[in-house]
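Same chain, two partners: chain A is paired with chain B first, then with chain C.
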Partner chain A sequence: MRNTGDTAGRGTWLLTGAAAIIWMLPLIFAVLVSFRPQAEPVSIGNIFFGSRITLDNYAAAWNIAPWGWHYVNSILFVVGVLAVQIVTVTMAGYAFARLRFAGRGLLLVLILLQLMIPTAALLAQNFATIRTLGLYDTRWALMMPYWGSAFGVLLMRQTFRGVPLEFEEAARIDGANWWQIMRSVYIPLALPAYIAFALVSISSHWNEFLWPFIVTRTEEVRPLTVGLNKLYSTTELGALYGQLMAGTLMVIAPLVVLFMLFQRRFLESFASSGLK
Partner chain B sequence: MKPALRHPPLFKKEPPMQDTALTASKAVSLPWSRRLLRMAFPYLLIAPTLILVFIFTLYPAANAVIDSLYSIPRSAREAPVFVGLGNYADLFTPDHFIGATFTLVIGNTLFFAVTSVLFSVPLSLGFALLLNQRMPLLGVWRFGIFYPALLPLIGAASIWAFLFSDTVGLINTVLRSLGGTTVNWLGDPNLVLISVTIVNIWKQAGYYMIFYLAGLQNIPRELYEAAALDGAHGWGMFSSITLPLLRRTSLFVLVVNFIFAFQTVEQLQALGQGNPGDRGTLLLYLIFKTIPERRNWGYVNAMTVILVLLLLTFTIANFFLFERGREDADA
Partner chain C sequence: MRTSRLFVLIASLALLTVLSLSAAAQSEPIVIDFYYPSAIGDNVATIMDRYVAQFEEANPGIDINPVYAGSYTQTRDTIQTELNGGGAGPDVAVMLSTDLLSFIEEGHILPVQSYIDAGDDPAAWVGDFFPALLLNSYDADGALWSVPFQRSTPILYYNADMLAEAGYAEAPKNRDELLEIAQALTLPNGERWGLLVPFAGGFPIWMFQSFAIASGRNIVGDTFTDVYLSDPAVVSAAEFSRALGTEYGVGPVGGSVWGDTPTAFIAGQAAMIYHTTGSLTRILNEAPFQVGVGYLPSGPAGADGTGYGAPTGGGNLYIFNPVGQERSQEELDAAWQWVTFLSSPEVQADWGAATGYVAARVSAWDLDPLKSLAAEKPQYGVARDQLAFASREFTSYRAIDTQNIINTTLSAIISGAEPDAAAALASAQEQIDALLAEYK
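So, the complex of A and B:
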């Protein structure tokens, strides 16, 4: 994100820093507590460090749930959603951007209804559908409701419309078929939009909890967020905070690191999406 | 998932379509099978999306309306009984077992939504004004404000569960060290909803900030320079240039905030699960908690329909506010 503002004065800088540090306190303390010995809770006069730095909490948290599977499932979930979304969104985005056909407006409106009726609100009925389809407790159940993305269709439609028509015509004269035109003209030019879409899609599905929790039962198909819930309910309803914070950090670390590496890209993607 | 909203850049003036009439006239010499394929092509392209939207949005929405009109008897062998709007009537009957909870939860949800908006909108604007300046460590500060938006709700909530914890929690430890009385953040029925709202404000402020940052960067610098020549500065510039030109962003943030508030419930799983006595429960979480009770299927669906209608209202409001805002800006 560009910065077009003025250079900040000393007072503004201090204010900004103070606000940011206050906002970071929960994370800072989560990290500190995760490395404290469990027997030394935060107390007056001793709120920062314990007597030693220990990895015991991480070891204990690691043993409560099959985290290896949870990582695999979270990755399969976000990748499986994104991969299919990119295909469906590219196809429909192109049709709505460049082709003229009967019912185009009506069909677009039908798809856009998905933006107005978020999948999260239809939890109960979609759960029933997944049972009917015989997909309960499978990884497919996690992904399927997100395979079609009205937001993605809208984004791609808008992006493809920005591609000069002459490029497509030139490729067509050279004898390129539809897929060759997509591959050589539209997709490369739309790369920034794909990246924005991918970042938004990945971060929202990585964090999904209620839906995976409802449509799965076996630990081995559940993603990280559901593992964290198990950790929460087994650590004596969260009384073992060292373990809980260690587990929480294991879950959030990948996204936080990804964000630190690509901060600018993330912010621009989120800003242009208007959607999480 | 999550709402979806019209953000300005997505909708622009439409450039010309490819003229299929032209392609059609060229196609006359093609065999009929190729012609059919060409006609069907656009539909084939949108079919996957359309089918998925049908299965996971349109069909369940319609089904929720139908199921909300039936009551499931205790015995599994009996067929559902048509009760008309009976389930809805029960939901709004305060002395009915579900009605008591539902009316409480609707109140909670409105409080949660309105309070979140009241605090997170000014906060996010303030953060954006601060971070829209050049300064050392800008990236670190921006990370500090924005990172909560990236966390899974349940992860953010479990961190706050520690901060809020009655005995070993950080906030109470600090209160004790300052000589104050400790507070049972998640156990006190009068406080639990406020605690849940605090987490939401903390989490969303950074997210809304990026829209304000984008909005601020769209304000031409010349406006400020011209105003400075006229002798305006500080508050005068802010109230006469910045605020009015951020009007559309503010409307957008306001509505998104409201829509989110009706869908962000996962944090409750780690923040007391709506207890004590559903004083902390929000609408979608109530639906989630009611699903396992087969007998309450009618209520689950009636609540779903109400939630969807509320969300539709906000989305449509968003749409009209935006169209209005755009005309004003063009004029």
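So, the complex of A and C:
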């Protein structure tokens, strides 16, 4: 594993370690502050847990919002988005990779253009659509704008194009229909890309704030980010960093655990799908 | 094999999602959607729910739907998006008192003057509000549009223990005393600041108004076109604001950060701070020392025309009746009922005691729990009494643009990036005059 006698190896190891620590600093800060007593702000020479380790910040943060609902909603939100996205990006990705039809290039460009439009610019339009559909203030409203994914379409198109055409032809000769070809040829080969896409999709929607905030107003259908916003807003009267950090850790915990559990799988997927 | 299992998993999760979604549609007699951006920590929703329950019990035909809508900015963005997207927006909302003009110009809100005039004793009703808190409620024609709800002013907080230790028995009364005490209590290397004023963070205008008023010239006049930036008193206030950090070193250069200021004060890292009355309850609850509260000190000692003073701030109640989304008369009447209730002396006395916002009704101070609280903790009364000297919060036509110009200019001056305060303020004045020329 680690060859300590090799200076070049040790240098790399030190550099990576230093970089890792720098990247971890915000997280370390959050953990320290969340367990510190509220009345003892971080100051010069006093940056660790303070006089005692306390769970008060977590209790206070927990009382500020119906977190149980928020967890349920965030999970439904990311799962509901991902489940539909998998279907749409698979279909569209295959169509753009393998089918020839009039206007294919133009359509692809139109879909990619979507990547360049900031979500905020579409807020009012999307809101109008959701309202017309009668879905304002429902969990459907959270998910619906994300059911198509330009990034996912592009990713699956590139991945499917990398699958040798001979595989599909061989399956067809064996009598497989399109659905069977997808199931036994394309999808298994694209599994790393799916996993990478799932991670990107889950983490970005888990962190989505503005849209859920605007399109809902009942606490019971709002996701975690909107609950966290309550803690953030108290800074108007003086920053309660302890509560804020406790809330932040509560919100990111599921993602952190998910990543730790599937860390190797994710890294492999990112490596093999060429994503960064 | 593995793929098919994956599909089953995804399919069942999707099904689960579908099953657990529920439409939230209901139709009640009259529903008033109420948006409130109240930043007072963990119990705001509980307090609001209590008011809603009280109101609904007294008014059986009306249902209040309270929605916590984030910060003021987020609430405004939400309302704007909903109205632009064809939605109805709130029926009643708490928004900044300075949002009045833009709401009027966009046709979002209903003036409440006609409701007041139709009341039993209009003059008595209006007269029961502290006059300073109504200064931002009138349009150019003198009609009242919004009703004070969660209002505040900046006040001076001081660590009475530290001051006593250094031989000062009383709060500073003018600029010279302020500076003297601040210098005496500053410890080197940022170990302790003598005076923290939260100018940092890009929005120094409110705090700066305090210093401008103390120097004898508020930066805004009585109309929506009067802006005074190049006035000598304002220039001197800007130079003093900067000198606190750059020259006297009683606080960090450029001022402190808004949210960190009360925290530093509570922790004993600052002897005095300027902050909103909205922080009063938290500071009194958490500070392990004798907390003193005083009027904002006046300008230079002995100078003419200077005195106590502070801008007002905070949120008012607005009744929404947006163009294209007009409400029925019954809905508007119900909204007014709710506004009357929230601004009533009883609710104001409770809300003021729970939060530290200054109860806006004079008679609220004769009611419990506020009455006994103010008797027990005289600090609450200081904030109220300072209202006698309070003036208008900055607003004008094109308020977003003019505030931007002022905030940018002041940030540059106070941080020391712009050495010539007089020239910078004169140039800001010119830009604003050009913007407002068409309204004069």
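The rule is simple: the second predicted complex is superposed on the first by the 213 of 276 C-alpha atoms of A that agree within 3 Å, B and C clash if a C-alpha of one lies under 4 Å from a C-alpha of the other, contacts with A are read in each partner's own complex, and residues count from 1 in each chain.
Everything that follows uses one rule, which is that a contact is a pair of C-beta atoms (placed from the backbone, for glycine too) under 8 Å apart; a residue touches a chain by one contact, two chains touch by 3 or more.
Here the structure is a predicted model, which means the values were calculated and not measured.
Contact with chain C, but none with chain B, is seen for A:I86 once the two complexes are overlaid on the shared chain.
By the touch criterion stated above, A:W140 is placed in contact with chain C alone, chain B being left untouched.
Contact comparison for chain A: of chain B and chain C, B touches the greater number of residues. Once chain A of one complex is fitted onto chain A of the other, the partner contacts of A:N63 are limited to chain C, with no touch recorded for chain B.
Contacts of A:N229 after superposition: both chain B and chain C are touched.
Applying the stated contact rule after C-alpha superposition, one finds that A:A39 touches chain C and leaves chain B untouched. By the touch criterion defined above, A:R183 lies against chain C but remains apart from chain B after alignment on the C-alpha atoms of chain A.
When the shared chain is aligned, chain B and chain C each come close enough to touch A:I214.
When the two structures are aligned on the shared chain, A:A124 is found in touch with chain B and with chain C. When the two structures are aligned on the shared chain, A:T54 is found in touch with neither chain B nor chain C. Applying the stated touch rule to the two superposed structures, the overlap between the chain B and chain C interfaces on chain A comprises residues 41, 43-44, 123-128, 214, 229, 238-239, 241. Across the complex, chain A meets chain C through its residues 38-41, 43-44, 60, 63-64, 72, 76, 79-80, 83-84, 86, 123-128, 131-132, 134, 136-140, 183-184, 187-188, 191, 213-214, 217-219, 221, 229-230, 233-241, 243. Against chain A, the residues of chain C that register as touching in their complex are 2-4, 7, 10-11, 13-14, 16-17, 20-25, 33, 37, 39-42, 65, 67-71, 74, 77-78, 81-82, 84-87, 189-191, 257-264, 266-267, 269, 275-276, 278-279, 282-283, 286, 288.
Interface of chain B with chain A (complex): residues 1-7, 9-12, 14-20, 39, 41-43, 45-46, 48-53, 55-61, 63-64, 67, 126-127, 130-156, 158-163, 165, 167-170, 173-174, 176-177, 202, 205-207, 210-211, 213-214, 216-217, 221, 252, 256, 262-263, 265-266, 269-270, 284, 287-288, 291, 297, 300-301, 304, 307-308, 311-312, 315-316.
Against chain B, the residues of chain A that register as touching in their complex are 1-8, 12-13, 15-17, 19-21, 23-24, 26-27, 29-30, 33, 41-45, 47, 87-89, 91-92, 94-96, 98-101, 104, 107, 110-111, 113-129, 144-151, 153-155, 158, 161-162, 165, 168, 178, 203-211, 214, 224-225, 228-229, 232, 238-239, 241, 244-245, 247-248, 251-252, 255-256, 259-260, 263, 266-267, 270-276.
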